[in-house]
Amino acid sequence: MQPDLPDLHALCAFRARSPLTHCMTNDVVQTFTANVLLALGASPAMVIEAEEAEQFAAAADALLINVGTLTASRAQAMRRAVERAAAAGKPWTLDPVAVGALAFRSRFCQQLLSLKPAAVRGNASEILALAGTRAGGRGVDSADSVASALPAAQALARQVGCIVAVTGEVDYVTDGERTVEVTGGDRLMTRVVGTGCALSAVVAASCALPGDTLNNVAAACGWMKRAGATAARRAQGPGSFVPAFLDALYALHEEESS
Amino acid sequence: MQPDLPDLHALCAFRARSPLTHCMTNDVVQTFTANVLLALGASPAMVIEAEEAEQFAAAADALLINVGTLTASRAQAMRRAVERAAAAGKPWTLDPVAVGALAFRSRFCQQLLSLKPAAVRGNASEILALAGTRAGGRGVDSADSVASALPAAQALARQVGCIVAVTGEVDYVTDGERTVEVTGGDRLMTRVVGTGCALSAVVAASCALPGDTLNNVAAACGWMKRAGATAARRAQGPGSFVPAFLDALYALHEEESS
Amino acid sequence: MQPDLPDLHALCAFRARSPLTHCMTNDVVQTFTANVLLALGASPAMVIEAEEAEQFAAAADALLINVGTLTASRAQAMRRAVERAAAAGKPWTLDPVAVGALAFRSRFCQQLLSLKPAAVRGNASEILALAGTRAGGRGVDSADSVASALPAAQALARQVGCIVAVTGEVDYVTDGERTVEVTGGDRLMTRVVGTGCALSAVVAASCALPGDTLNNVAAACGWMKRAGATAARRAQGPGSFVPAFLDALYALHEEESS
């Protein structure tokens, strides 16, 4: 795939729309997730109490559910937010962090799938576990190659009727019939917490754009890969990678126009 | 206003006192808030369980209540901390994040106002909503200009008997009679999560200083505006803005002395 | 102590093992803690719901308990995780943040000690309070010198049967009989939130290494001191210190080899 032109088009649409993105995400990545969305021009808001989450899910443009630091009370609030978003016709996205490795969140994510997400974004082990193909990794890192999880991603996309993005050293974005491959990025992204979780938030926001969701999700993956590669060239290590990555996301537009 | 000399005086007092600042704030901005307070020379502490928050509120120099990721149990702990701070004569500050847009936190903030904060810091939409003038923005970002909210800020300050800081592209700090305008800053501050929330923490800490609270709060706003402008000049984008901003806060003293 | 050669040996072992480190830590330092562990080559995972924490504690290589933003429900989940880790023979480490200053967490930490941590890491005031020597500091910062807490650290290590690291301007690591002194670091580390908490996570992970735990914990302290000194030389202030510190941790291996 040569992503530059469609990516640029989607990025302009993203910045023009500035999707109000309701993030119910894990404790570890909240700041980075918000800063990634802000750098790209979206408007993030983290609202978590059940009553508020339900009210906000109907008002926001998109909803992200990330189960990284799930608790019983958050699961309840997430479920209510998803039900309200679904009823209001707002797209919601699932990041099934460490599904397969932990029983509580595995049951929860399986139940949520019946509420039909617009997209699911996970690493290979998570997608394999969610599709029922295998039991999942040991922690939050994938123990499987992305390519090995593509058939499971395609089956999951068909079964749920959503876009599935299985991401890692390469990203595959599929609706079960069509599959887009997104390359780029840098290994340094795996030495910084939250790059995958933040990608899920960008995927969630991109589902609020008009047009083909498969292409919009693939564009979101492309922005992150491109900014990651740019930042890795400028960084001295994982510490300086973070500010360089946010700067690169902020400047993506200019870079692509030039 | 020419803020340099009174600001410098207040900054010296702030560093000398190093206010122990009890922050009950939202999940997204905790790290940044702590680092802003540390860079300025304050001593932040985040204590959240009701029993502990109550105990700590009486020991700390100042208390911040930020409702960004409010939950029912945190609201209860916040109320107990505020009651204890009030009983102990310690100043507390309210940041009414997204008040007006969400019903649960709107009720909670209205109730807290009767416990007489030393200061309230919000954006235009939040101050308008808290003053009962209009229903509030759509998310956490203001949909109104700061100037349009000044009458509401002044009315709120008179009604509650506190300092109100309504902040944005320009800051107004008022006790309902006197109003100080603070200019400076940079648009880049709106592309980084937590600059407003961290300002509220600095406002909270500044309320522990001796002297005129209106001037101390205006000084706090001035430090953040000045560091923001310095950081924006040095940064390549919102990512490199964050370390540059903290460095600038840390070096404010030197800058002003020179 | 001349820490270079044993430190390098331990660092190679750490990177080869990449300990899966279960962190139950406070809200303020989660991102920084994860990034410190990732920069050093470990695999962090924050799992907090009681059912999941219990399951994960048996699977991970090491467990960290940090009581910085303790709540009643987290205390319950922590206790279950510690009991399971202990039953599974996995080492767990306690960071008794602000123990002595707050009653709820003081009772909790005292109870946990009977479940025999592999290591305890705290500042002077915390170690003095945990050892029963005095009532503790006013907030999260130490009011006592490290040297003044060494006898208490040694007594605590003997009483519990664990390694105690009392850290600050200098670090002492002791098993009650032997004591290792680790020097280095920089004052700038006290103007950034989470350097102590992140050190506790590295101590926790280092307890999963083969060999002498006293030496492994001292090596962990040495890595942080060395990276801190390197970062302080490169930084303009506490903001630029953070990325420089993570870069320095990531590059420690090269630095030591050269």
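Here the chain labels run A, B and C in written order, and each chain numbers its own residues starting at 1.
Just so we're on the same page, contacts are C-beta pairs under 8 Å (C-beta built on N, C-alpha and C of every residue); 3 or more make two chains touch, one makes a residue touch a chain.
Note that the structure is predicted; figures quoted are calculated from it, not measured.
Note on connectivity: the fewest chain-to-chain touch steps from subunit A to subunit C number 1.
The rotation relating subunit A to subunit B, fitted on Cα atoms, amounts to 120°, rounded to the nearest 5. Centre-to-centre spacing of subunit B and subunit C amounts to 32 Å, using the average Cα coordinate of each chain. For subunit C, the set of residues that touch two or more other chains comprises 27, 31, 242-243. By the touch criterion stated above, subunit A contacts subunit B in their complex at residues 20, 27, 30-31, 34-35, 38-39, 43-49, 51-52, 55-56, 59-60, 73, 242-251.
Remark: subunit B residues 26-29, 31-32, 68-72, 98, 101-105, 138-141, 190-194, 235-243 touch subunit A in the complex.
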